[in-house]
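Order of writing sets the chain letters: A, B and C. Residues in each chain are counted from 1.
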Amino acid sequence: MSATLGELAKYADVTLKGNADCIIHTVNTLKKAKSGEISFLSNRRYASLLSTTEASAVILSEQDSDNCPVSCLVSDNPYLTYAKVTNYLYPRQALSSGISDSAIIGKDCTIANDVYIESGVVIGDGVTIGSDCYIAAGSVIKDGVSLGEQVQVNANVTLCDDVTIGNNVILHPGVVIGADGFGLAQDETGWLKIPQLGSVIIHDDVEIGANTTIDRGAIEDTVIQSGVKIDNQVQVGHNVIIGKNTVIAGCTALAGSCVIGERCIIGGACAISGHIEIADNVTITGMSAVSNSIKSAGLYSSGIPVTENRIWLRNITRFKHLDETFKKILNKLD
Amino acid sequence: MSATLGELAKYADVTLKGNADCIIHTVNTLKKAKSGEISFLSNRRYASLLSTTEASAVILSEQDSDNCPVSCLVSDNPYLTYAKVTNYLYPRQALSSGISDSAIIGKDCTIANDVYIESGVVIGDGVTIGSDCYIAAGSVIKDGVSLGEQVQVNANVTLCDDVTIGNNVILHPGVVIGADGFGLAQDETGWLKIPQLGSVIIHDDVEIGANTTIDRGAIEDTVIQSGVKIDNQVQVGHNVIIGKNTVIAGCTALAGSCVIGERCIIGGACAISGHIEIADNVTITGMSAVSNSIKSAGLYSSGIPVTENRIWLRNITRFKHLDETFKKILNKLD
Amino acid sequence: MSATLGELAKYADVTLKGNADCIIHTVNTLKKAKSGEISFLSNRRYASLLSTTEASAVILSEQDSDNCPVSCLVSDNPYLTYAKVTNYLYPRQALSSGISDSAIIGKDCTIANDVYIESGVVIGDGVTIGSDCYIAAGSVIKDGVSLGEQVQVNANVTLCDDVTIGNNVILHPGVVIGADGFGLAQDETGWLKIPQLGSVIIHDDVEIGANTTIDRGAIEDTVIQSGVKIDNQVQVGHNVIIGKNTVIAGCTALAGSCVIGERCIIGGACAISGHIEIADNVTITGMSAVSNSIKSAGLYSSGIPVTENRIWLRNITRFKHLDETFKKILNKLD
C-alpha cells in the first residue's frame, strides 16, 4: 500500500522535515530509489550517496539531516524506522483460508476455522492448529503437534511428534523440529541409541530459518524462548535452552544441553559446546568457538581472518610450536 | 512400559542395591525425578544433586553408591546402563503396516508385506523395500533404491537413484542421500560437470541426522560402514568412506574421497579435507580443521576458543605477523 | 553408450597413442578398471598404479605417457579430458515428458509442452516453466516463479515466490531458494522483522547442491551469475552477489550483502562476512574466515590444522596471551 510521508512519520513516531503530503509507494536503496520511494541511511559506508539520491524522502539521523537534499524522517535509529516504515507499507497479507482437498489430515485433530492448509500437506493424529495458521505445501506435521495462532509453516517443513509451537512463529522452508537428539552410549560392540523422550517447545514470536534443525530433548525438552530469531542452517542440539530475544546467525551449531542467555547476539558459523552456559547480553562474533561458559555480558570473539596463503603457511607452522618457541625465548630472556 | 528395579538390573546386567520390587515407570533427571522414576549420575557436575533426588532409584558408579539415599543400580558405566534401561522402558513400537492410498509406487518394486508407507510418499521404479520398514510422509525414493529390513525413513527424506541402504538404518527428516558429488573440471570458459556414476552404500545399524547430505560417488561408491552414527547437517562428499562404528557430530564437513577409520569420534563443526586418511580410533574435538592424514590413534584438536573481543583483536594482529615477529626475536637472541 | 578410443580422442580433441578401434564402455579408476574401460591419471598420488592398470586405455599427460602400458589419450589437462570423455559416454538422458496426475498446478501458469513433472509436486499461480524442465517429486514451486529451459529441480526443493531461474540450472534435493533474508531491527522490546521485498535471480548454467539455501533480498535481489557452481549445505544470505563461474564448496556461509567476484574458488566450511567484497580470481582455502574485503586476486587462507590435543592445549593457552607475551618479550629486547 502507499502512504503519505506524514502518515509514516506518525506511525514510526519520528520527526518529519519537508513535505508531509508526499506520497510514498515503496522503500528502496539510496542509489536506486526514484520519485515516490523512501530510502534510508543507517550504515555510514553509504553516506556519500545521500547528496545524489533521487528518493522522495530519506530516513536518517539528526546529524545527517542537514545534508539531505529531499524530505526526511529524522530518527535516533534510522534502521528501526526503516523497518517500521517497511512494515507499514507492506502489512502482513490476509491469507485465503481453507484446507486443500489433497491435504491429508489425521484423526482427532483440532483445527481452527480460518487456517490455510495447502496441497500435499500431511498432518498426523491429535494435532492442534490455532487460528490464522498457514501450512505450506510439502510440510509434514506428525502426531500430537500443537501450533498456536498465526503460525506460518512454510514449504517442506517437518514437525516431529508432540512438538509445541507458540503464537506468531515463522518456520522457513526445510526446517526440521523435533528429530531425535544425538544420544548414544558406547557399549562393547558399538553405540547404543538412547530413546529421546523429551520434545521441543517453541515460544511466541520466534522465527526459524530455512533448513535449520532443532532436536528433541533426551529427557526434558529443548526450549526456544519467546522472541528468539534463528537464521538458516543453524543446528540446535537436544536440551538446548535459548533465552528470550536472542538472535543466532546462519550455520551456527549449538551442541546439546548448552544454555544461551537472553538478548544474546551470536554470529554466523559459530560452534557452541555442549553443557555450557552463556550469560545474558553476550555478543559473539562470527566463526567463533565457545568451549567454556561465558559468565558475563560483553563482546567475545575467536577465529583468525585470512591472510595471503604464503604468510598463513608460515604462521601456522609457528603456531604448531607456539608454546615450545615461547618457552625457549622466555628461558633465554630470564 | 513399566518394570521392577529387579527386572531392570537383570536386563542391564548390573548390581542392585535396595528394593528389587520397586516399580519404575520412566527415567528422569536427578533434579526432576519423582517417585516411580529412575535417574542416573554419569556426569560429575551433577553429583551434588544426588543427596536430594526424589527418584525411586538411581543408576551410578560403585564410588557414588554409598552416598545414594535411595535404591540404586551400580554400574561400571552408568551412562550405558541408563541407555539400556531407557531402551527397556521404551521398546521400539510396532508400527501399523500398510501403504497409504495417496502414496505413489512405481513399477517393478519389491515391497515386503509388513512395511508402513505414509501419505504423500513417492517411490520410483524398481525399488526394493525390506520387511518392517517405515517410510514417512513427504519422502521421495527414486528408481532402483534398495532398503534392507527395519529401515526408518523419516519425513521429507530424499534417496536418489540406486542408493543401497542396509538393515536397521534410521534416516532423520530432510536427509538427502545420493545427490551428485561436486565434480567439476575447469575448461576454457568455466566448469564442466562430471557425471557422477557411483552411488551410496549405507551398511547396517547406521543412523543419519536431520538435513545431513551424503553425495554419490564419481566413479566408485560413497560408503558408510555398519554402526556409523552421523548427527544433523553433516556433509559427506563423494567417495568418502567412513569406517565401522565411527560417530560424527553435527555440522561437520567431510570433503570428497577422504577415508575415515573405524571407531573414530569426530566432534561437531569440523572440516576434514579431501583425499586424506584418518586412522582408526582417532578422536577429533569440535571445530577442528584436518588438512592432512592422521596416521595414529589419539586425541587431536585445533580451533581457538573465544576471548573478550578487545584481547582477540590484539592477538589476531600478532598472529598475522607471527612468523615475522618470531624471526625477529630469535635473530636478536642468537 | 560405448565409443571407440578414436571417437573419444576426436571428441575431446586430444592425441591418441595406441589402438583407435578399441571399444570403451565406461570409465573407472586405475585400480579397478578392466578391459573395455578407460581410466585417467591426473593426481600424482595415484601415479604408481599406472604400470599395473588393467584399463584398455588411460587419459594422462605427455610426461606420463611413456610409462603407460596400454593405449592412451594424451592431454594437457587429463582431468578435463576425463570429464569430457565421461560426458560423451554418459550423455544427458532424454527424460519422459508429461505431468503426473497427482501434481498440483496453480492458475495462470505457462508450462512448456515437453516438461516432466513428477507426482506430489505442488506449483503455485502464475508460474512459468520452460522447455525440457524436470521437476522431481516433493518439490514446491510458489507463485510467480519462473524457470528457463532445461532446468532440473530435484526432489523436495522449495522455490519461494517470484524466484527467477535461468536456463540449464540444476537444483539438487532439499535446496531452498528465496526464503526470507535474516532482516531484523532491534527495538525496545526485541526484534522487528523487516519484510524482505527483493527476490533471487539465478542465471544460466548454475548448479546448486543439496540442502543449500539462498535467501531473497531485503530490497534488491540476491543474484547468482552464470556458471556458478555451489556445493551442498552452503548458506547464501540476502543480497549476496556471486560473480560468473565462481565455485563454492560445501558448508560455506556467505553473510548478507557480500559481493563475490568472478572465477573465485572458495573452499568448504568457510565464512564470509557481510557487506564485504571479494575480487575476481580469488581462491580461498577451506575453513577460512574472511572478515574484510579482498581486493586483489590470489590465494588466501586462515584456520589452524589439528595437532595432538596436548600440544594444542598449550598453544591455545599461549594464543590467549599472544599480544601480552610478545609485548613483554619485545620490551625486554629493546
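The working rule: a contact is a pair of C-beta atoms (placed from the backbone, for glycine too) under 8 Å apart; a residue touches a chain by one contact, two chains touch by 3 or more.
Keep in mind the model is a prediction, meaning the values are calculated, not measured.
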Equivalent interface positions on chain B and chain C, same or different at half: different
For chain A placed onto chain C, the superposition rotation in degrees, Cα atoms, nearest 5: 120
Length of the line joining the C-alpha centres of chain B and chain C, rounded to whole Å: 25
Residue numbers of chain A (touch at least two other chains): 102, 120, 138, 156, 174, 211, 233, 251, 303-305, 307, 319, 329, 333
Contact set on chain B toward chain C in their complex: 102, 104, 120, 122, 138-140, 142, 156, 158, 160, 174, 176, 179-180, 182-187, 189-195, 197, 211, 213, 215, 219-220, 233, 235, 237, 251, 253, 255, 271, 273, 275, 284-285, 288-292, 294, 298-305, 307, 311, 314-315, 317-319, 325, 329, 332-333
Chain A residues touching chain C - in the complex, by the definition given at the top: 26-29, 32, 43, 45, 77, 79-80, 82-84, 86-87, 90, 100, 102, 118-120, 136-138, 154-156, 170, 172-174, 205, 207, 209-211, 227, 229, 231-233, 244-245, 247, 249-251, 268-269, 286-287, 303-310, 312-313, 316, 319-320, 322-323, 326, 329-330, 333
